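Letters are used for the chains, namely A, B, C, D, E and F, taken in the order the chains are written, and counting of residues starts over at 1 for each.
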Amino acid sequence: MWESINSFLLSTGFMNLTGGQLLMLAVSCVLLYLGIFRKYEPLLLVPIAFGMLLTNLPLSGITDGPIGNQPGGLVYYLYQGVKLGIYPPLIFLGVGAMTDFGPLIANPKSLLLGAAAQFGIFIPFVIATYIGFDLRAAASIGIIGGADGPTAIFLTSRLKPELLGPIAIAAYSYMALVPIIQPPIMRALTTKKERAVDMGGIRQVSKTEKVVFPILVTILCGLLLPAAVPLIGALMLGNLFRETGVTDRLSDTAQHALINILTIFLGVSVGSTASAERFLNPETLKIIALGLFAFASGTAMGVIFGKIMYWVTGGKVNPLIGSAGVSAVPMAARVSQVVCQKENPGNYLLMHAMGPNVAGVIGSAIAAGVLLSVLG
Amino acid sequence: MDQWSLTGLGMGTVFIALIGLALVVSLFPVFFRKPEKKRVDPAPLPELNSRSAPAVSSAVGPELVAVIAAAVAASSGMAPGSFCIASVAPAQSGGGFNTPVWGHVDRLSRPANHR
Amino acid sequence: MWESINSFLLSTGFMNLTGGQLLMLAVSCVLLYLGIFRKYEPLLLVPIAFGMLLTNLPLSGITDGPIGNQPGGLVYYLYQGVKLGIYPPLIFLGVGAMTDFGPLIANPKSLLLGAAAQFGIFIPFVIATYIGFDLRAAASIGIIGGADGPTAIFLTSRLKPELLGPIAIAAYSYMALVPIIQPPIMRALTTKKERAVDMGGIRQVSKTEKVVFPILVTILCGLLLPAAVPLIGALMLGNLFRETGVTDRLSDTAQHALINILTIFLGVSVGSTASAERFLNPETLKIIALGLFAFASGTAMGVIFGKIMYWVTGGKVNPLIGSAGVSAVPMAARVSQVVCQKENPGNYLLMHAMGPNVAGVIGSAIAAGVLLSVLG
Amino acid sequence: MDQWSLTGLGMGTVFIALIGLALVVSLFPVFFRKPEKKRVDPAPLPELNSRSAPAVSSAVGPELVAVIAAAVAASSGMAPGSFCIASVAPAQSGGGFNTPVWGHVDRLSRPANHR
Amino acid sequence: MWESINSFLLSTGFMNLTGGQLLMLAVSCVLLYLGIFRKYEPLLLVPIAFGMLLTNLPLSGITDGPIGNQPGGLVYYLYQGVKLGIYPPLIFLGVGAMTDFGPLIANPKSLLLGAAAQFGIFIPFVIATYIGFDLRAAASIGIIGGADGPTAIFLTSRLKPELLGPIAIAAYSYMALVPIIQPPIMRALTTKKERAVDMGGIRQVSKTEKVVFPILVTILCGLLLPAAVPLIGALMLGNLFRETGVTDRLSDTAQHALINILTIFLGVSVGSTASAERFLNPETLKIIALGLFAFASGTAMGVIFGKIMYWVTGGKVNPLIGSAGVSAVPMAARVSQVVCQKENPGNYLLMHAMGPNVAGVIGSAIAAGVLLSVLG
Amino acid sequence: MDQWSLTGLGMGTVFIALIGLALVVSLFPVFFRKPEKKRVDPAPLPELNSRSAPAVSSAVGPELVAVIAAAVAASSGMAPGSFCIASVAPAQSGGGFNTPVWGHVDRLSRPANHR
């Protein structure tokens, strides 16, 4: 009996915990702290951090595949939805059902700013290739600058699944940090006068326009870039459910039960890829650093294009709405509003900034499609 | 493809796509002029006992058939008139019943329960 | 670089769009229009039409299966639930939880009318075999006359999956058109006096009866026709959840979150079977035509049996309730009511028509079971 | 099987099934006479502090065992009395607690939160 | 044609029903009666009994696996979530989101009582090994004493799936019978004075404590017993969603849509394992008998440990809270309350009993982990 | 392993685990003293037009980086200062925007709809 107790003791996690795993347990507790008490995108960071915690408990086998007759672990099965690219588009379905493209339709110029901010994907991508990452890893790092969780996870799961953990954590953390990362850059690149520009109200958009928009985007983007169809198509189908007025049941489920279930599954299984062996190496730090740079460069390029539009239109466009092009809906748009109101407290810029903001979602899905079709 | 071409291709595609979209969307006001005053009430349910609400126009029937027939004809080179279904008679009474079946089951069955 | 841009251009959908696909994009836009603005069963037609649209965007690969290590497309995975026969019974679970069989229990004669209307399945089935369809295709076409989406999709996915697109579209479109298709037939086959018959009130049904009914139907139908168990069993389990009074949680989820999620998945993946190659051929037109005929013949046979019951009972049964036997719950029952009220405005026939209406659901599930057990 | 036999078989089965059901259902009023006045409130929750509500009859315990034992006995040819569990004592106090566990957790835990 | 009708008749269930199946149909109707009209855990017993009913309808094929190109039956696919161990942890996620560990945190001594009641697992386990069950079957029988459906199903599906039917039925039935099984044992083992002990109020627990608790339990239990990670981890993640205050969306979905969907799937597929061949044998009776004994012994050991704590603390602990350690949340805690109030009507013991009650859930998950790691 | 050793192991593990937990939990009052008066309102939404609510402390930025950097350094034996990101400037304005993105999309888009 003593020897079986002994063998049992040797099979406990306490006896098998590596230093790296202990460190990772600490890191996941810090992420939980940031998610819960500092409210860093808690809907994603809490499941991700909990997945990290579970995967770093030794010998639990929850990420192991099936062996012979023995079934695999729980997280192994949940992870299949990430691996097969199922969760991110379906989460986008819910995001689409939550998104109002009205401000974008009212002001189609917004789309240009949503395009410009995608430099935040490609600048860090190029840099990453020069500091030693291969093209697929560099593309996965660059997509952090898309500021869009499902897009980042979709692309990374196809190109470089071993980097899923740090990339998802970087993407969601920096999205939460947008109100801290963006304002200094925005102020540095604009003059007081530019920041004070009042863009007036936005025109009202009819139901018909809102219904036609998602169908049109799907067809045009789908024809231009077939690889973007899963993301764009799902986003636009969700938006169509929202706007028809006769599919409220589907819209409601897409933006509640379905997205919440998949967010739990996605978060836990993405977090579970962050095992100590994979996560604790200098690459992770480089990813975290490049991710910050991605957000910063996207912001900067958005603002710079905003300035160009300011000049071209003779001062009618407030360049601060450019920074909202990085996505991070709706925080980046709110940052534009807050920074603007510092100069001109009565200026209600939010709706104007929502245009580039949602355009940024489309823009980064297209960028992801290009990367996927060339490298995938 | 090296990182620079890929960047060119990527940003190029992003700009082409979004500029294209911007152009198309900027034509929306031409095609869909008047914004509606208020959002149409989703699936307005006609009063069960009333005779009003002939909401479905009498031309509604043949639309589906016409469209698919035209599509098939166009694709297969058939003469469009060679296959004809004209018998979906435009019912005078009609009735505005075209609402989601499940939603209705739900609403309908409740009064039945509480009788 | 130019050659890679060139090869990229050649990989866009614009360069690969066939005429058939362009046509199909137009057809799906028309279906979207009918679903959204004409309210043709929008909960199903919108996802189906969007699935058609997606599948006809060239090169997107969303319906491709996995190749080696490369995962399959999103819709390929969603389609598995259709292919394996999982979605339709689970959708029936929700339909059962939404259905009140009270009117049927109060008036068991209704079941006969629900049976008679199933000629609407077999008459077009026989005709289809004579105009060149094989037995499995003819059965799939006939089932359109069941006027029941999940049943039609369940049977077709097992017998003739390549016809799923046109059959699902026909089934849901004609269900939406029931108020236009049925009244002329009903008036042609009945006299003014028959249409005016007032059937009085219906008896109150106790909770015990409502609880016993689904259990009994499952056992009797299941013993008579094993192949109908998935559909009938799921429908009746959902109804049992509704009626027990102690499983409201399950009933609520079955008729909201679960049915909505599966409706989205089912609709998109059924629509995705309608690729240009498959859809654009004269067979599709024949299916559309036979589908209309199926609805018409089901209506006619239901009314004729209603007349027989009128005679047998000495004028106590209004033959107009016979047309409700085609299912298309609850629209066919409402049509009975409206046509009746034309003659006798104070006559409240709806509850009497709900009996054949829900009986028609059971009837067509049984018919599907017979077709499946012989041809499957 | 040709199309006509299949049609005969199909409509035959449909009619047999639905006529059979109709016959059985038409006997319902014989077996389940009085319709209840109102639907029973789902899972009535006894007042936590009250002593009332001995809703579960004292005979409730052995039912499950008796039924399964009888089933097994019938199936395996054992004498019904050869295997016996009689010890589920009919508790005098009892208590009407038989309500869905999760529903309860929910309701119970709320007051605890707000103390 | 007559011969094909004949062959069709021979393929009906009526012609193929065995006596055992008929008996099982009767048993499932009795279980439905108990679930619906006697309210024995209806959320589980109704789906389980309906699954039993379906599986005993001959020739339906709903539990058959795929053969060649022919897809499997509906319940075959639903059962995969049981077989692969996916449903029970995800149901525990919802249970965690519904559970308030506050009373346990306020009174950590409760954990001891939750441990003691686990003798209710191991005493019947030992006895079962002596009356002819092998170790894996005996462990599956013992776990009934854990009074925790998902834990029992998780362990049995891994160790002895052929016993799933009787074990799940026994577990849920006895949980429903806790108010009848426990009080006589509780009164037999305690004095009037002991039963009247007033334990006062419980301290208020801060949000921070409630947030830290699930993280800590996951780490400590996960390190001690890796095999318990799926159950404990999911339970605690659900509880974390509940307590953070920033993940209410996820908590809400975990305790409604997700748990309800999986409860339906789990119930039906667990019930479907109870085919006549498997269920109707003397083993089943032994399992039912041992299950009752399991509940009784867990109750007794909980009360005995409660008495020990009564003596050690000099009469400050009411031994009646010990019986709540068997889990069966929250009924066992309510039984403690009711039995206590018989002696001392003003004594509000419920919150004190909730501590051992929820501790019992953790305790039996750990016990299941030990059994799984040694025998799995 | 026979049934008795397994029982010993099982009950032993259960007791060790739960006693261990009990010990740790009984230290909670030492670490987390004051119970908060009321549960914090989930994700308090700042007034869109107001300037108040700089809820996020200015030190929030570098936390994530610092922690992960320390973890990597500790694990890889690098000198902690050899890789440095110090540029997450503590924004004076800040803004309390750190709330769940989807929840917000939802809330934000509604007024836009109803304008």
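Definition applied: a contact is a pair of C-beta atoms (placed from the backbone, for glycine too) under 8 Å apart; a residue touches a chain by one contact, two chains touch by 3 or more.
All values reported here derive from a predicted model rather than from experimental measurement.
Minimum number of contact steps separating chain C from chain D: 1. For A-B, the equivalent interface among the listed pairs B-C, E-F or D-E is E-F, as over half of the contact pairs agree by residue number. Counting every residue number used by either copy at the chain A-chain E contact, under half are found in both chains. Centres computed as Cα averages put chain B at a distance of 47 Å from chain F.
As a whole-number value, the distance joining the C-alpha centres of chain A and chain C reads 39 Å. Residue positions of chain F touching 2 or more other chains, listed in rising order: 1, 9, 13, 39, 43, 99-100, 102-103, 113. Shown for chain E are the residues in touch with two or more other chains, namely 8, 39, 42-43, 204, 224-225, 245-246, 249, 256-257, 374.
In this structure, the chains touch in the following pairs: A-B, A-C, A-E, A-F, B-C, C-D, C-E, D-E, E-F. Across the complex, chain E meets chain F through its residues 104-105, 108-112, 114-115, 118-119, 121-122, 125-126, 129, 135, 138-139, 203-209, 212-213, 216-217, 220-221, 224-225, 245-246, 248-249, 359, 362-363, 366-367, 369-371, 374-375.
Of all residues in chain C, only 1, 4-5, 8, 19-20, 23-24, 26-27, 30-31, 34, 38-43, 94-95, 98-100, 102-103, 169, 173, 175-181, 183-184, 204, 255, 259, 276, 280-282, 284-285, 288-289, 292, 328-331, 333-335, 337-339, 341-342, 345, 348, 350-351, 354 touch chain B in the complex they form. Listed in rising order, the residues of chain D touching chain C in the complex are 1, 3-4, 6-7, 9-11, 13-26, 28-29, 32, 34-36, 39-43, 100, 102-103. By the touch rule above, chain A contacts chain E in their complex via residues 8, 11-14, 17, 25, 29, 32, 35-36, 39, 42-43, 46-47, 50, 53-54, 57-62, 66, 71-74, 77, 256-257, 260-261, 263-264, 268.
Those residues of chain C lying in contact with chain E across their complex are 83-86, 89-90, 93, 158, 211, 215, 218-219, 222-227, 229-230, 233-234, 237, 240-241, 244-247, 249-250, 252-254, 256-258, 373-374.
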